[in-house]
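Two complexes, one shared chain (chain A), two partners (chain B, chain C).
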Partner chain A sequence: MLIWLILIPVIAAALIGLLRTPGRLTAITAAAVMLVLGVGAILCSILCPECSKACLSTVCGTKIQFTLGLPFSKIMVLLALLVTLAATIGMKAPNKDAERSWSISSLLLSAGAIGAFMSDNIIAFYGFHELALIPTFIMIGCYGRGDRRSIAWTATVYLGLASMVLLAGLLLLCTQMNAWTFTALKTSVASGMPSTPCLIAGLLIVGFGTLVSLFPFHTWAAPAYASAPAPIAMLHAGVLKKFGLYGLFTLAEAFGSRCGELFGSWNNLLLLLLLGNILWVGYVTVSQTRLDDMLGNSSVMHMGYIFLAFAAVIADKGNNILAYQGAAVLMLAHGLTIAMLFLLTGQIESQTRTLELDSMGGLARKLPLLGFLFGLAGMASIGLPLLANFAGEYTIFVSCFANWKTGATAATAGCDVLTCCINWLNALPWGIGCVFTWMFNGISSGLSAIASVFGGLGAVQLTLVFALWGLVISAIYMLRAFRNIFESEIGHTSERATKLSCADIISAGFLALFIVLFGIAPQLLKPLMNLI
Partner chain B sequence: MNDIATYCSATYTWAQFTPAFILIGVAAVLLMADTFIKALPKRAYAVTAALSVLLVGCYTVSGEHTNAYSFLACLATGLSILVAYDYTKVSCASIAGGTSDEGTGEFYALPLVACAGILCLTQAADLIMIFVSLEVVTLTSYVLAGYFRRNQGSIEAGIKYLVLGAMSTGILVFGAAWYFGMTGTFILDSDVVIKTLSGSVASGTVAIGFLMSVALLFLGAFFKVGAAPMHVWIPDVYQGAPTPTTTFLAVASKTAGFALLCALVVPFRSKLLAIPGTHVADMLVNVFAVVAGATLLIGNLGALFQSNAKRLLGYSSIGQAGFILVFFLNLNPPDFLKISEHLSGPVEVLTYKYLLAYTLATVAAFFAIAMVRTQRGSEEISAFRGLGKTNPRTAFLIVVSFASLAGVPLTMGFMVKMASFFALVGAMQSWTYLVWLLPIMILTATAGFYYYFKIIRAMYWEKPQSGDKPLCVPFCTACVMTACAIALIVLGTWPLLTAFK
Partner chain C sequence: MIQNLPWLFLVLPLLVAAIDWVIFHKCPKTAATLSILSALGTFALCIAYLTGWQTGTADIYTWMPTGSAATSLHLGLTMDELAMRMMLVVTGIGLLVHIFSIGYMKGDNSNLSRYFAGLSIFMFSMSTIVLADNLAMTFIGWEMVGFSSYLLIGHWFHKASAADAAKKAFITNRVGDFGFLLGILLTLGVFGTLTFDKMGTAAAGVAPCLLTVTVICLFCGAIGKSAQFPLHVWLPDAMEGPTPVSALIHAATMVAAGVYMMVRLQISMGTEVFTETARMVIATVGAITAVMAAIIATQQDDIKRVLAYSTLSQLGYMVMAVGLLAGEAAMFHLYTHAWFKALLFLGAGAVIVCCHHEQDIWKMGGLARRMPVTVLCFLMGTFALIAVPGFSGFFSKEAILDAAVVKHPTFFWIGVGVAVLTTFYMTRLCLVAFFGPARAHGAAEAREASPSMLLPLLALAVMAIISGYGFVADYLVPAKGFHAHGFHFGFTFYVSLGALVLGLLAAVVIYGFGKRSADPLSNNFISTALRKRLYIDAIYDKGLVGGLQQCGAHIIEFIDSALIRGLLVQGSAWLVRCIGVLLSRIQCGSLRAYSCVAGLGLLIIIVLIAL
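Let's turn to the complex of A and B:
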């Protein structure tokens, strides 16, 4: 049954491409059928996990390695299904040909993402994600805004290289653990750890990290999202990008209490990098003058919080259930929110024919509903209570202090990786090693000094203190964008606005509904996570 | 007399060569018909030749002497003759001039002779047979490469191939002579090798003459597979030769090369020789690692800047050969590699799988190039412009084949490229320092994404020019490309969904 979640979009794409059926209509039908089937499958596996196992993952008697039993599978599949439907309904292609290509690409992206989130097989998990990159590449190159070709090439080279690094990491992991599925990995952890955990974790963090646009490997992401057509940006930024985080969390969960042994030596470095996402990219976002660039950067920025949850899990040696839950909720919420924002960006552009923040204004007077929906999504993105992102972010913030006692895990500042680097660099000739050692020691003692000022906070807690400033940054750019677009005097571009179509309202309203629903009742998501 | 014969060469049965004889027979009949029955349309020869070689391919699978490489060679030859079938317009213009098909008959018959040579090569157990059958392949290829006598590029390709090929043959023969001198036999066998090396393995010194013979033999094989440093002929010959011949060289001739290389390394696979730490094993691994690394870099980085599709595929064939050579680092695969039958196995099985994926994708690509050349008059990548708009279905098939060459997941190309990475991981268990090859493989695989996607980019990103009509896809091209695409996807997807522990 699960295989239909992939076959339906692929078949629909084939129908559109080969038999020239109407693009958008076919895509919407396929997305709706997928949603019904997918929700059915998810409910089935929640209500009767044992009996559903057989009927969900068997085709003609052959067992297919798809499962909804992994910790984040259900929630991510749900996200993919919701965003796919909204993206296909809200699609505004310039002509029939474009509509066909957009529909095909959206469906293939969706198939790739869903395939990755359902795969128990680690190589298939990797493979489905790669598959989804091709339509992204073609769509940005064909229909993107701005300097689309160089943007598409940049993204392809970044993602291609990252995938190879990731593949190397996964292969090393799988061979050393002698397990090729997440489930098998979980059982084989009991009998031993990989022999080169530091190398594997490094490859995985760089590989997955680049795909999720972890600082400093993030420069491909914002231009790509800004340039991509709305449905592609929605699906990529909203759904596909979560692949990297999904992978990290699933592996961490598979390693259970030993995940610290795998990723631990990189944790402090990761904390620094995610601060780069939140603060550095945050300020970059503030300085953007176009709405699409701003949203692209904001999406990169918010990844920092989910990485924070990952770091909290690792720091707490896998016992941090709160962090898992927060991350899952935030991944879903961020996916819905950023998809909705990109959707509305497409609508704003089609109304005003511009995305320059300075040339817009007063759009809410012409289109109050658009203003309301954008406001809602914007507020959700900032993290306003009662909207889904708040539930996720708040849980993550709290989880950073889970199992923490004053001074118990005080930052020793110089992290394992730094120590490792120092040893390594000391081996270098020509005294270069000395310079680096001196630098690293400087950083280490600086960090210890900061930690002691804050009364023995650990590295994760310390990072949280800085990360909280990101909330202010998001508020600055999002509220300012809202004011520029919707408030103030009616700009000449807003004069062009006519009215929203029914599809515009339905697609955005559909996403808004779930943002509010999961904001008010985040506990609905709890059964969707398979955590102990 | 009898003694010398058995001493020098292995014994064969006639049955081993039945498929080759059939092919030679068909080729002879076709050549006679070409001479005496002028009225027969030449395309009929193509159909006969292609059908007979494909049938022989089926026979090699089902027959007593089943050999995967024979099947692959027949498949590759048959498909390259089918490329020629759809290429008649250009062939006629380049051979007789105008639309007359005079003189094109041999063009369809000669690949059969070459294929017969490959079939003999796959059965060979001694250097005499290897040399003779290899010469059958090579001599025919010289003729085929220079067959378009009204086309300067083709003549240039023929001459270059002849000169460089003759040199490599010389090297191979020289190696064979040294082998005979050092071992007293032409038979390739692990007993012979062990006997020659006995005593010297333990003491850490190896007979220099023997090593030299092995090195020279390897060099001869490297020429056929297009591995560095014997790769220089590939780009020019691929670009200049008639497209059907290029197809043959790219797939069938490469199969022959790897069959030869496998035959040469098999004697070294004995447990006594290939164990890590011994002098011979280390030396073999180092040689293959260096050659693979250089081949990967030259092929993949060279391809980055190409604008001619055939030349691009030439560099690509060098690059792909580099990935195959990585398999040769694991002559005795460690046990832990055996957990997945899709990713590991003896070197000849992995090589065969890689070649199959490469053949399916490359043949489809050459069909596309031939079609574009026939109808748009150019083999440049830019001639693929706008196919995504004018011929969406064909464009999709081309995407599949190039995606498979690039190693995009869910195509067979991904599975085999991953097997190549996997082989390196396996070899690193014994020779940790081989880790230097990993960044090279990562870099070159990424480079592959860049240059293979150039074609995809031309098809989807470029707008068709005002005079561009949709391509009219010939029946044969459509069938083969569709079959290749389906095979690539099915063989790439199914193992992923089912087969791993």
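Let's turn to the complex of A and C:
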């Protein structure tokens, strides 16, 4: 039955492409049917976990098995279904042909993402994601804003390379563990670990990390989102990008208490990189002058918090259920919020025909509802309580301190990649090494001073102290954008604004509803996570 | 079922806010009625509980369930004396402000549904802070009051200054929340719980240094929300909002939340957790704020700004008392201050409306004859603020000074100095605005305010007079087992009386009875500095925001695009292209070159074999 969640969008795409049925209408119908079916399947697998095993299906003799039994499957499928429906309803293509290709791409993207999130087979999991990337590239290349060709090629080469690295890591992992599905991996962990855990973890972190735009592999993301047509940006930034984090968390959960042995040696480096996401990219976001660039960068920035949850899981050797929960809620919430923001960006652009922050103003007086919806999504994305993102972010923050005891110090793994890098830099000849030694000693003594002032913080907690500043940064850029677009005197671009269409309101309102719902009652999401 | 009735304190205003905003956004009258009814409902409920009505323990709502109880995030209600009496202040003043708003906002063509929805969101958020039984829930309320404050300051968002002020308030508060959140997480680490009731036991054996840091981090939240130095800059700007909002949020309740939270922590954690260093930091920050704000207030011309700086200064007083471990005195002052400062702001609001939205006191004058009731009420508030013996503010100020003289005489003398300044600037305001001839057209035409404005003023004026006496205070001051002391002729009494007389005399000598048309103290170096708020805002704007942050962001953006996007990404693309070009050179298609290379290869092989 689960296979229909993938077949329906593919069939609908084929109908639009081959029989020339009306693009948007077919897509909306397909998305609505998918939503009904998907919610049914999710409910069925919650109410009767045994039945969910029966949902395993085999396609044409090849063993591609679909399941909703993986820890984050349900939540991510739900996210994909919600965003797909909103994206198809809110689609604003320039002409009929464009509408057809936009619809086909959205449906294929959605099919690929859902396929990846439901696959138990690791190679199928990988393959579906690759499938979903293709429409993204084509859409940016054909219908993007700005320098679309070069942006599309950069993203293609970047993600192609990342996928290769990732494939190498996954193949190594599967051959060494002799298990090709996530469930089999879970059972084979008891009998042994891979022989080269450090290499595999490195490949996985770089591969998955690039797909999620982990610093410093983030530069493809913001231009790509800024350029992509609204439905593609919504589906990619909101749904497909979570693939990397989904993979990391699913693997960590499969390895259970031994995930520390696999990823542990990379954890300190990962902490450093995620701070790059939050602080570095955060300030890059502050200096953006266009709304689409700003949102693209902000989406990169917020990935840092989900990586923080991953690092907390690894540091606590899998024994941190709060971090899993926080990550799941934030993935869903961020997906909904950023999708809504990109959707509204499309609407703002169609009203004012510009996205330059300085040339706008006073739009809320012309279109108060648009101001309200954008304000809601913006406030959600900067973590206002009672909206979904807060639940995720706050849970992640608490999870970092959940197992902390005062006086504990940073546990250093046997082969720590960060230490290796520092040692390697220190050993550089011609006095460069001395400079690095001096620099690192200064930084590390500064950090340990901070850690000891707080009563002996571990690496994760220390990172959190810096990561919290991201809350201030995100408030700065989001409120500034809101102020420039919607408040103050009516700018000449806002004069052009007419009124929102019904589809505009429904699509954004639909996402807003779930952002509010999961913000007020995040415990609704608990049954969607298959955690211990 | 009945035991869950207290949840109405939160659910009712939140629901009303949602209904106002979503359903009645085009019917301001219905929206206003609903909001007022919700405020009335919570006020009545509060009185019912205060008079001894019992409904049992309210259920706890699990917000984010996890395996262990300590980290499971839940929402529960505390209904102790501290919380319920504080609720009376919040709902009581809230109700009066709701009523006053009808008169004040009459004829305003902005969206009034949004305004009343904002007020209701505020009532919800403030009640969340007051009733929270754990720090996580406090934080939720904390962020939400910040949000409602953002909404209401920016109510007239078409004015650039209001939009900027709202943004500034939110971001400045976020800076404080950065520390507050860290403090909450450290509390979880140190005490193993966030629930107030369970904190008392866990502190033994924790390094004092860590306790100090935890307390100071939590205090950061109070610095932001209660607008203490150095994060005080948002409060004077917040006066861009409608005046009733200033009265409710930026004078009586929200800005006092920091003091309430610190007192709540002192009760639940125990005062021994507040180490010597932490106490000194808190008291010093409070003292600096009190002095600085009082000095700046002496040279402000905008009636609301004078009151805003006065609020800052009084909040500094309360924070100082918290630092001196005189939580009871702090709460006493918070409570009296809430009534008389709300009165002063609403009075100022009535004056502003009647003078055709004129806020400059030098363009008023002679109002005592034109709107006697309003001015009389305003004077009652002033007497309470400058601590005229017999008025409420006198008793609470005495309580703080009494605590200071025992615990730390330096802070006592600082407090006395601030009292002199307070008397001076308030007397200046009253003399200039209410006496002498009218100095502008608006003031000359001023007429008495409408009944919906006068009624709240009268109610508050009564409270400003009587709320300090034992027969009211003992039942209403948000502190456990509180006893008001009444008149107590001792050292503190005579000193503060001296301060009062000194301030009054100085103001009367300099400003006469409203005969002057310009400030005789202006046009010098000190006055300019004070009018420019000691250049602190300018330093923040130009130095921190415009300079450090923007430059830093641009440098990072440049490095990001030049180094990572340019050198690394484009560089590697360039490298690949170069290699491609090089390799393509080899396959040039020239037979001569191929045979040449083949010959060379053959030669090398022969040489290798020969060797």
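Miscellaneous remarks
One rule holds for everything that comes next: the second predicted complex is superposed on the first by the 480 of 532 C-alpha atoms of A that agree within 3 Å, B and C clash if a C-alpha of one lies under 4 Å from a C-alpha of the other, contacts with A are read in each partner's own complex, and residues count from 1 in each chain.
Keep in mind that, in the parts below, a contact is a pair of C-beta atoms (placed from the backbone, for glycine too) under 8 Å apart; a residue touches a chain by one contact, two chains touch by 3 or more.
Predicted model only: the values in this text are computed from it and were never measured.
After superposition onto chain A, the partners chain B and chain C occupy separate space and fit alongside each other. Of the two partner chains placed by superposition, only chain B is touched by A:180; chain C is not.
After overlaying the two complexes on the shared chain, residue contacts for A:157 are found with chain B and with chain C alike. Contact comparison for chain A: of chain B and chain C, C touches the greater number of residues.
Contact with neither chain B nor chain C is seen for A:221 once the two complexes are overlaid on the shared chain.
Judged by the touch definition given at the top, the superposed model places A:489 against chain C, while chain B stays out of reach. When both complexes are overlaid on chain A, the residue A:468 reaches chain C alone and has no touch with chain B. By the document's definition of touching, of the two partners only chain C reaches A:286; chain B does not.
Looking at the shared chain after the overlay, A:400 reaches chain C, while chain B stays out of its contact range.
Once the two complexes are laid over each other on the shared chain, residue contacts for A:384 go to chain C alone; chain B is not touched.
When the two complexes are overlaid on their common chain A, residue A:321 makes contact with chain C while staying clear of chain B.
Figure legend note: chain B and chain C, brought together by superposition on chain A, show a least Cα distance of 6 Å. Taken together, the two structures place residues 157 of chain A in contact with chain B in one case and with chain C in the other. Contact residues on chain A toward chain C in their complex (touch as defined above): 154, 157-158, 216, 218-220, 280-281, 283-284, 286-288, 321-322, 325, 362, 364-365, 368, 372, 379, 383-386, 390-391, 394-395, 397-402, 404-407, 453-455, 461, 464-465, 468-469, 471-472, 475-476, 479-480, 483, 486-490, 522-523, 526, 532. Only residues 336-337, 339-340, 389, 392-393, 396, 399, 403, 408-410, 414, 418, 421-422, 425-426, 438, 441-442, 445-446, 449-450, 453, 456-457, 460-461, 496-498, 500-501 of chain B touch chain A when the two sit together in their complex. Of all residues in chain C, those touching chain A in their complex are 21, 25, 62-68, 71, 73, 111, 136, 139-140, 143-144, 147, 150, 154, 157-160, 163-164, 167, 170-171, 174-175, 177-178, 181-182, 185-186, 188-190, 206-207, 209-210, 213, 549-550, 552-554, 556-557, 560-561, 564-565, 568-569, 573. Contact residues of chain A toward chain B in the complex are 3, 17-18, 62-66, 97, 121-124, 126-131, 134, 137-138, 141-142, 149, 153, 156-157, 160-161, 164-165, 167-168, 171-172, 175, 178-181, 184.
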